[in-house]
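Shared between the two complexes below is chain A, which pairs with chain B and chain C, respectively.
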Partner chain A sequence: MKDWRYWLAEQRGTLLAFGIFIVMFTIYTSNHPAGFTANVVQTASNKGVLLAFVAMAQTLVVITAGIDLSVGMIFLLTNCLASWLVIGTGIETALGVVAVLGTGLLCGAINGAIVIYGRLQPIVTTIATGAVYFGIALLLRPFPGGSVNEDLADALTGRLFGVVPASLVALLAVVLVVWVPFSRSVLGRAAYAAGSSEMAAYMSGVPIRRGKFAAYALAGLLAAIGGLFLTFFTYTGEAAYASGNAYTLFSIAAVVLGGVSLFGGKGSAIGAIFGALAFRTIGDLLFVFDFDPLWQPLFQGVILLIAVSLGAFALFRVRNRLEWFL
Partner chain B sequence: MDGAVPLFRMEGISKRYGGVRALEKAELSVISGSIHAILGENGAGKSTLIKVMAGVVAPDEGRMMLDGSEVTFASPAAANQTGIVCIFQELSLVPELSVADNIVISDPPKRFGMIDRKAQRRIAEEALARAGAADIHPLALVKDLPLSRRQMVEIAKALARKPRILILDEATSALTAADVAKIFGVLKRLRSEGLALLYISHRMNEIAELADQCTVYRNGRNVASYAAGSKSDNEVVELMIGREYSHIFPPKPVRAPATAAPVLEARKLSWTDRLDNISLSVGAGEVVGLGGLDGQGQRELLLAFFGVLRGLSGQILIDGKPVAIASPAKARGDRIGMALIPEDRKTEGLMLPMTVRENLSFAALDRLSRAGIIDRAAEQRLIDDMVALLAIKTAGLDIPVGALSGGNQQKVVIAKWLMRQPRIILLNDPTRGIDVATKQELYQLMRKLADQGAAILFYSTDYDELIGCCDRVLVLYDGAVKRELVGAEITERALIASALNIHGEEMPVGGMAKTPAGGMAKTPARGADA
Partner chain C sequence: MSETTVGGIAGRMPKFIRRADPAVLTAFACIVLLLFVGSLYSRSFLSPEYLLQQLKVASFLGIIATGMMLVILLGQIDLSVPWSVAAGAMMACAAAAYGPVGVALAIPFGIFCGVAIGIVNGVGVAYLRIPSMIITLATNAVAQGLMVVYTGGFSPQDSATRAMRYLATGFAIPGVPNAVVIWALIGAAMVFVLTRTGFGRTVYGIGNRERAAYLSGIDTRRVVLIAFAVSGGLSAFGGVLLAGYASKAAQSMGDAYLLPSIAAVVLGGTSILGGRGSYLGTVAGVILITLLQSILSVMQMPEAGRQIIYGVVIVAMLLLYGRAPASR
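Let's turn to the complex of A and B:
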């Protein structure tokens, strides 16, 4: 009868992020000298998908009520690795891609294994493993350099049929191949259940450990896809510490903007993707309005605060103070 | 069905937690097609027994036989697979997931490796209908449902797992009377379908109505098994507590007409659609009960006094003077001196992982400290007094409060507030899920505090308690006070009649009407078997 209402309530965070992104992007393109053209969309897409992939990675872990502070470093590590391996003939390139993605998966799996079987806290674990991953990235690329299969890179950063940005299509494909099956699988549900109430999930015989492990491992994979795309955009590998940290922090911001609860159990990677795209658009907005780029961090912070406050508006309507704590 | 061969047997099961002996060579036999009641005080080992059976806890020794062959369970999932399904007292629902998600959670229907949402919806609707809770929408999030509805979801979830042995651990403690009646119907049907049911409850009338066989546990052992109905309630209670069972309730003093202004008074309190023009007063030394069907605004009324609700209209007076109570911190302050013993001790009453000592002194820290430094000696003295006064059974003050039994946890909650020597004590169904002996101690304590001059407002879903403990009872219906019963007027009949908002002498006890607010009486109609 009222099925759609329940659906709407569930998707509220995602829809809000979608709305914020659309508004910001509309303002951006309508003030851009070139307007809403394929070129402008392609550039925006290429800038946005990197954070979108990393934010998706973060979402998976946050859903389990954990946090992954190593996503940015996995992103760098796989970038550096790709700048060595994703090159040569078709077969060699393909093997390189597989190796890069496998490395990301392995990094995520290590995080998961330590958190779940070692029973260490996610925040501590991923700070430590993140440092290790960065260290390996530095060994791989002490100085920026390397190269990548440019045919593949150009294909994936260009446009399909001259209109649709290929990077956006790739993002959609990853959503369909990784996120949708995960969120609808038993493991995905186990991850949500563990994030919402681990004890209730355990008492219900839910495969909590496998669910959480899958979430961490897939987070590594998604961060690696991000790292791969970074290589496609830059044609090089670089172990840039500041950049890795920024991606980690921005991924958390994007996740929050996207309506994913940091307490776990609630939210979707789709929301996080729109959160990431919206977050990236802030810089573009400053550009079209001729602000000094130095203003960017300040504006990003303000937008983040506003978005989070929007989510908290419901608290003003609470008439029973105990509901503040639920 | 060959009723003589037990479907499930536990032999010589022992379990220790540190130095505490929870089970000591306990035995249990369960037969198909019967309802087996498990009785015993809190701490008698019932919970541990159930946990062993459901694969949550591994026993130190002993063995379990299912269909004549020995079994061991490494996890709740393993127990589920053999058909042993338990509905725990602590709800095992995942709050952020939908009702349907929760119902199928242990074994969701799959299609191409993904969860089949259509099939899931169908299973959930069937299970809800089977549990008599078809009014719950399968897409609703569990966290948005009130406690009684969640409990129905919990039962539907158990049924969806097609159990052979179904364990209900205090499963009705949060339910409304209409739900209890439905559940009893469901349980009887399951029995006729050949299931074995284990029923744990503190409510003797429920056991009398349902059970075929009863086993009483005491100090971790089974002390008696008998056919239901072959022992009187008094005999059973004696078996449980192992001592003479005499007056449950302390005598009520004869009260002189009040001369001073009442300690606590409400004038025309209203709040959203939950409280409607409530006026009441509680004098020093008085125990005033709140009765009525569950969910008629009793809880909100207590929260209103305690400064939790916003947008309250009307007036609250303390000692005859109007006050604005903006927060619990203000309510408990010296000027007002109020304490609220909350409904859910696990979330609102205690910090479970923190120690008994810390929990006890939380509410009184401001009184025990100077310039922000806690006077440890004074704290220790006060804590010792309280532990002695309430006879709290704990292995030590520095163990997590979560390790105590339910009754002792509740004592800690009460002690914590008594440390402030409150003048006004609000109690929100404080005896829910605690054992007979602890209940009696609480009744005595309540009267003692009243005799010392406290004003007590006591909400209970158990009519016996209201009859036994209260000088006056206000019956709420749909957020308003419908009737005030004084002294000898407080009878079960009067309570039930006014709870249903019926004013005749004769009233239909069996068919409890649904109220406008959707809430129903929590206590099953006891008049029915009289």
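Let's turn to the complex of A and C:
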């Protein structure tokens, strides 16, 4: 087989997610009353980027065959923290951003430490740590409020050269700075290997523990970047339980749509980003077709249900029935 | 099961201590510790009325945790509890608005809605082989969507029927709340099913190794489907009782039961990987969680502190005895 075929097989999920997104976005903009203008794209990208960051975070953990049900809560916690710290002069704001990102990294590292070195199951661990993170968020912001450095916020949510949404550029920068180096490093390979077959990776001397730990910690960092952007969009911090849960849920949906295997070892954060953008666009389709917004939760739930059921098609390829049971 | 011969001091201990699961013993020890701490804080903590009241509050969680335990024993998880509870409560109250027939069918209809959610979960997990964590999250979202559309985004105005209120708050036996009696009945049925029937043995078998259970000629997919349906039904029944307790249903009434029900099962020594665990442990876990909640609210801890303590306690207790074996 030629090289490009291997590449195609590896990127199939990502390309499919990209295709779904393009189709959905075309439908969206062609039915939008304002049409395909810079404003529409800016609003859509600002909404989509939030989920994209959280979905990237989820991808890192899912690749190791784990799951992080606390991403939404880290997202809320960093949002509440940013509404206190990212304010004031340039230096203060910069320190605030560093503190917020550091907090996210720490939250992810705690998850990773408990799962890897404490040897607890990721589901239970992250549900429990999620409760802790939500509690801290509630301590920071019992009521919605706070403020943010508005110059920075406007710069990162506005448009570059009047055309390109700045949030998309930020997303691209994060991909280049966090995802690309990680996925090409030894640790990134180890995370993939651990997700694909932990036993085989262990036997081959792959540093699975460090790889998984790095994945969990970076997931916290990416969720924190998402939380920071939420603060930039809303100018406030709010510890809303339902919103944190929704982001966790949607991140899983985005990951699945983006072709990342929930059994680990397969997929990329790029796919998850397109999955997230596609999921957001699908959710917003209701608005351009003038449906009652009450239907949106049901609509998104059904999309999620369909997206996760698509994985069942793999069952048709199973030759030996014993392969049903992993 | 550790029924191998134990020599030395342990060999001379009474049989029931030798056979007891260390996790269950730890959970009961923690209950005693919590009662002790509580009695230091307030004299009335050990009064029979207060303890009975706690048992009544615990019974709602206990019923929901029973279903959760069945699913966890299979090595799966049911994250659709929040909206199964809410759907059961809302649909039971909604049925009550349709005349005398509706009132009579309110409780069965609520449970039926939970069973329906459970069947969707079960089909997804057993036949489509979707990871349970994912499909149950998805059905939870769909159930939420349906309820939001149905109620228009507000808490429904229909109130609970008299039968629901009687089941949740009445006293059929003097001194013992009905909710506790119901929990005891459901618990006894669960113990019987798990230890005395083929279905129960199959559940443990699938939890240990589904492939082996399948090769032994068991229709494992049907068992998984039934377990999820039962879990959904019990969640909804818990919701029906809660609606009777509060005399109406509310939007997010189930949110407070997901983490506690998983925590109760896992703290009771049931392995989250499936195949291991006893109902006695779940009972201990439920009482432990309820007492912890009660002490925190007696101390007037705000919601934020409660969430933090909750998460920390669960992780700490699991680190004590819920760890997976090291890979060597």
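The rule is simple: the second predicted complex is superposed on the first by the 300 of 326 C-alpha atoms of A that agree within 3 Å, B and C clash if a C-alpha of one lies under 4 Å from a C-alpha of the other, contacts with A are read in each partner's own complex, and residues count from 1 in each chain.
Simple rule for what comes next: a contact is a pair of C-beta atoms (placed from the backbone, for glycine too) under 8 Å apart; a residue touches a chain by one contact, two chains touch by 3 or more.
Quick caveat: nothing in here was measured; it's all calculated off a predicted structure.
Undergrad: Answer with first, second, both or neither: which of chain B and chain C does A:322 touch in the superposed model?
TA: both
Undergrad: Quick one: is A:163 in contact with chain B, with chain C, with both, or with neither? Answer first, second, both or neither.
TA: A:163 contacts neither chain B nor chain C.
Undergrad: Who does A:8 touch here: chain B (first), chain C (second), both, or neither?
TA: It touches nothing on chain B or chain C.
Undergrad: Look at A:23 in the shared chain and tell me whether it touches chain B only, chain C only, both, or neither; answer first, second, both or neither.
TA: neither
Undergrad: Could you tell me if A:177 is touching chain B, chain C, both of them or neither one (first, second, both, neither)?
TA: neither
Undergrad: Quick check for you: in the superposed arrangement, does A:186 touch first (chain B), second (chain C), both or neither?
TA: After superposing on A, A:186 lies in contact with chain B but is clear of chain C.
Undergrad: Is A:305 in contact with chain B, with chain C, with both, or with neither (first, second, both, neither)?
TA: second
Undergrad: Please determine whether it is chain B or chain C that touches the greater number of chain A residues.
TA: After superposition, C is the partner touching more of chain A.
Undergrad: Thinking of the overlay built on chain A, is A:118 touched by chain B (first), by chain C (second), by both, or by neither?
TA: A:118 contacts chain C only, not chain B.
Undergrad: Please indicate which partner A:241 is in contact with in the superposed arrangement: first for chain B, second for chain C, both, or neither.
TA: Only chain C; A:241 stays clear of chain B.
Undergrad: Do chain B and chain C touch any of the same residues on chain A, and if so, which?
TA: Looking at chain A, the two contact sets intersect at 199, 202, 321-322.
Undergrad: Would you pull the chain B residues touching chain A in the complex into a rising list?
TA: By the definition above, chain B touches chain A via 56, 75-77, 80, 88, 90-98, 101-102, 105-106, 108, 110, 113-115, 117, 137, 139-141, 143, 157, 271-272, 300, 303, 308-311, 327, 348.
Undergrad: Contact residues on chain A for chain C in the complex?
TA: Going through chain A, the ones touching chain C are 67, 114, 118-121, 123-125, 127-132, 134-139, 142, 198-199, 202, 241-242, 245, 249, 252-253, 256, 262-263, 294-302, 304-305, 308-309, 311-312, 315, 321-322, 324-325.
Undergrad: Looking at the complex, which residues from chain C come into contact with chain A?
TA: 77, 124, 128-131, 133-135, 137-146, 148-149, 152-153, 210-211, 214-215, 220, 252, 255, 258-259, 262-263, 266, 272-273, 302-312, 314-315, 318-319, 322-327
Undergrad: Flag every residue of chain A that touches chain B in the complex, lowest number first.
TA: Within the complex, chain A contacts chain B at residues 2-3, 6-7, 9-10, 181, 184-186, 189, 192-193, 195-197, 199-207, 261, 264-266, 318-322, 326.
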